[in-house]
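These notes open a run of structures that come right after.
Below, subunit A partners subunit B and then partners subunit C, in two separate complexes.
Then we have the complex of A and B:
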């Protein structure tokens, strides 16, 4: 069976996974008391109207009086056709809110991801090339530091030092500056730095262990004997086999970090991205927006899992398509 | 994990006698346990769905509404009777010290729970009869149980196998950062478990807010009453408050000790749940194979794609924040890694010669899993834990920082977020708990690194070749 069939099967499975997750969130949310209905009832009671009538009315407007199965079908088709409902907090469609927030999130998450996936393996390779020397120990020390310090705490401390005390970077995030400008680079430097130090550790560790395995392998010795230059050996003969197990670790780790860190870092640095909007939505009890973000992160997770598996099979031809 | 007959040689063992004494009711008791659990579950669902508004047994004329506490208690007693007491009585004489110990200790704890919950009806502090003013809550019992499991199945086996322990110890001792980390973690968790039992939670003393730590100073503009020396409009710290006080005048050192207990609870309870469920699912999946394996592993796939943090936020937004809920949720959503490890390890090990040897000598499936697969998977479980536990602690701190955690408790994250607004003049409020959290996570990272080398000599040899 070929790659095509494998990818088809994987995509079908991804669809099943998202469907299950979407159903679980739907059931959870329909079991919960709806804050909007409760609010309408309270308001009616305050104005001297009949609260039960007001409840009925809001249920009809929101379509909650329909039977469960009909609502479920409507909801599921809405999810897959990007009709995610109306945000009462921002008074706009949820998809619009999500895409607007994504614009700010992308500004720091793209450089962050690029830096992590380039610097991580390189640092690991560098460490492995001079294993057990002081260079290795310094690199390992920095890695452990970055891994162990909580991102949000590190962000606060750096902001205190460089923003408040030294005044080198702005304390408040400014949404008006153009994307490609010095001011934007300045205000995004600290969040990106914090995120990269946090995420680089695991990747550097794995790539160090993996590549140290190949440093003295026969094919590397052969290449050395043939007079291949050092950097070519590292790039062509060591990095490539290292990337196979690394690619799987990398996607999973980055994703787990993305969900947790983006929220915290955005709040610490005041960036109005995905994380902050979902936080605001939870505080404001804006059900549709909360649901929208759950879906967004779920889709992100399943799609990256899919990509990871495909990359894995493409990079390493020894893996058969038959067993997942 | 020494049993009585390990010293006997294979050919000197009287196999006929063992076969004659073999417990024959194993299958029946398992079935009885599952049946009882099923009945309980049906009753519970009935209570939730059909009799949601009224008393549980209203239909048969008994006006007794079963509270959640009684459901949990019934479940615990059932499990204790079938999984603990029954095997202990049946195997009396040749039960291991570990098993006997945990059954007796858990029985004692259940007795305290019944005394606390039914006799005292949770109204007065548990130990008020002997004049000790410490109220034990539901989470404390869970924490106590996980400590018991840890003592009888992690600490006691180390004592029972001195040769193996000294080998691991000598391997481990080569790594100095890991040694320091171990001492540090033992200190943190030791103080965290014992400290709050004897130290009262710090009272808010508004006039003593923003006291600086020892050797530090703060401008008199921010403090109302300086406990230490004051000179030139500057307040000096004192040993009364070694790490200073918060904006409400609470002692930060005591709050950090309370935070240690919360961290210890998170670490032990979630670990117990994650390992328990993960090992069970992993071994069942590996041994059942076929459709069961496929379904379980696909479920693990789904769980790994499900963003736990977002799920927690969702549940919190529906039911409200609670540390117990948070711990249970973390535990029940983080076993996927352990399950995968155990499954692949069990599959690999089942091909080994020694497993075939025990199979031929007639060991039961349960015994093979319990005695040979799980101990041989321990190394990967331990290394997995050194990644999981810091992630749990970090998750709690992050949620507390966002103000979405349990606001009743004094975790490190709560303290970090409390100090955030006063960062410019009173940075110690945020820095002290933040630094403790940083060192805790760092300690786990170093121990994980060392454990990988000590427990898995193959990996090291591979890396050095």
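Then we have the complex of A and C:
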């Protein structure tokens, strides 16, 4: 069976996880007062109509008069067939809103994620290689600065300096520029920079501690005794065992950043991505959209955790899913 | 045995900067290893023998470690190779033909010392490993001087197959294809007695037993046919039956490959089995040295005698030697062993470690009782002990 079977079952498991989350959200949502119904009733009352009648009408249009079980089944099949409902805010299907926002989020998220997962471990390794020296302290100091300063605040400061004062980067995000162009790179530079400095600190720190454990390991001494060069020892013999515990931290931290910081950064820089969409949806009480990105993040979290488990077996052959 | 040693260690000192102060792990020791012979360094845990063995090719982490002294490696092939690769580092002692003047280079960057050339080719010389920079030292490590370590459980990287790790060792020193390197790895695994070597090559270290891992380590050490193998307690972590197998394997391989072995151990039983010559170390200093017969038949230093008495049936098996090692950050005056020595007199607590008194050509001992005006039979308990000749090692 082996790894293939394990992955198959884990993917199947993601469906179960989403089903549980979908069910819980559905029950909570049907218990909560529906803002759309309330709005229709208020409007009817203001225009002198019968609010009860208006309520009835809107319930019928939205299918809320059907029995609970039927609505639940309809809703669940909708989730799995990518029919996530109607966004009252944007007047379009929720899937369309989510995918459109995703298009902008991906443009800066993929670069900063890649930068963080390559630079973070390298910075940690660099620090560990010269532990307690001034190099270590400088590297630690810089990354801790990025870790400590709130992303949105740092973003505003940078935007003021480089956008307003120096005019090197555009202040307003322009959705019309092509994805692969200098103009796009220019306007995405600051958000990427802010997110990388914010995320690299924690990863660098874990990587520093983990790799310093291996810097003086017996097998590193063996490699040295074989005549292996310093840099090859770092790259081959230290980095690899370090990545095993580090990958757990990375997945957790990156997910937290995705959900939390992206939102603030998108608002500061005016990027119409997932973060700003979810923010707008919460303000506008557009429940279908809120549910849409909840589902998206659920998907992201389960897939990331699966990837992390697969990365384990690749990095450390002692971890095996053969008998699971 | 030729008259020039393969490796001549002089005044080897290894210190570590620690929060508690400067720690002197090895306090200036000398020893020689000749081609094809086995030299054992014995001493209790913490006496600095492992650090001494790792100081030869400077495996000790630096900083905080610092190695000084001179480590003359006299393998001609290595001298020629490094002289070719680093022409600026070559120091010529004398003109063609003459080999007598043994001057030392003043420039710290000159680590290849050529003592004699015939028709332009180096015929006598050495590489001073204590001053060789990392870049050049890498060619020696694993190439001419190989290591086998104490704990095979952790000495192999758990992330890579043993084949990958042996191939890496081969390719560090020879420009061969991966296929050829793999072929060599299979032969070596066969040589060290791993059954079904070709199939086991792609197994990971955790799929091998402790004894097999040590065999893999030995195979890895042999990839480039080293002149000197430094084996640091290679059998300590293994159970007794496996120990015997590994010792047998090492002596067979020594015969096959003709390499010198520096064997570090605290186990006198192992010493009796493998050693040609023995160096007894205590707290970073040499207490006594001699051939294996001299050490076992005529132990002359109180410490050596106490160690031997600790062997089962030696009369001290249950009691041991009272006390413990002195603080390495605060070296005491006089003999390092004085505080635990039952024969200690006032003279033992002044000056440095007593100069080595020569008993025979090979046998010398660092103890005040062998200096002029003292009676060494107090220690040896009989009067058949050869009289100390003069009192200093210079005789």
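We take it that the second predicted complex is superposed on the first by the 307 of 324 C-alpha atoms of A that agree within 3 Å, B and C clash if a C-alpha of one lies under 4 Å from a C-alpha of the other, contacts with A are read in each partner's own complex, and residues count from 1 in each chain.
In this section, contacts are C-beta pairs under 8 Å (C-beta built on N, C-alpha and C of every residue); 3 or more make two chains touch, one makes a residue touch a chain.
All of these numbers come straight from a predicted model, not from anything done at the bench.
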- Task: Mind working out whether A:226 is in touch with subunit B, subunit C, both or neither, as first, second, both or neither?
- Result: second
- Note on the structure: Counting residues of subunit A touched by each of subunit B and subunit C, the higher count belongs to B
- Task: Report for A:216: first if it touches subunit B alone, second if subunit C alone, otherwise both or neither.
- Result: both
- Message: Taking the superposition on A as described, I'd like to know which of subunit B and subunit C A:237 touches: first, second, both or neither.
- Response: second
- Query: Which positions of subunit A sit in both the subunit B and the subunit C interface?
  - Reply: 216
- Seen from subunit C, its contact residues with subunit A in the complex are 54, 57, 59, 61, 134, 138-143, 146-147, 149, 151, 154-159, 161, 168-169, 172-173, 204, 206, 217, 220
- Item | subunit A to subunit B touching residues, read off their complex | 13, 17, 20-21, 24-25, 28-29, 31-33, 144-145, 147-150, 152-153, 156-157, 160, 164, 209, 212-213, 216, 252, 259-260, 263-264, 267, 278-279, 282, 285, 290, 293-294, 297-298, 301-302, 305
- Message: For a test of understanding, state which residues of subunit B touch subunit A in their complex under the given definition.
- Response: 298, 301-302, 304-307, 309-311, 313-318, 390, 394-395, 397-398, 401-402, 404, 416, 420, 423-424, 427, 430-431, 434, 437-439, 441-442, 445-446, 462-463, 465
- Interfacial residue positions of subunit A with respect to subunit C in the complex: 215-219, 221-230, 236-237, 240-241, 315-318
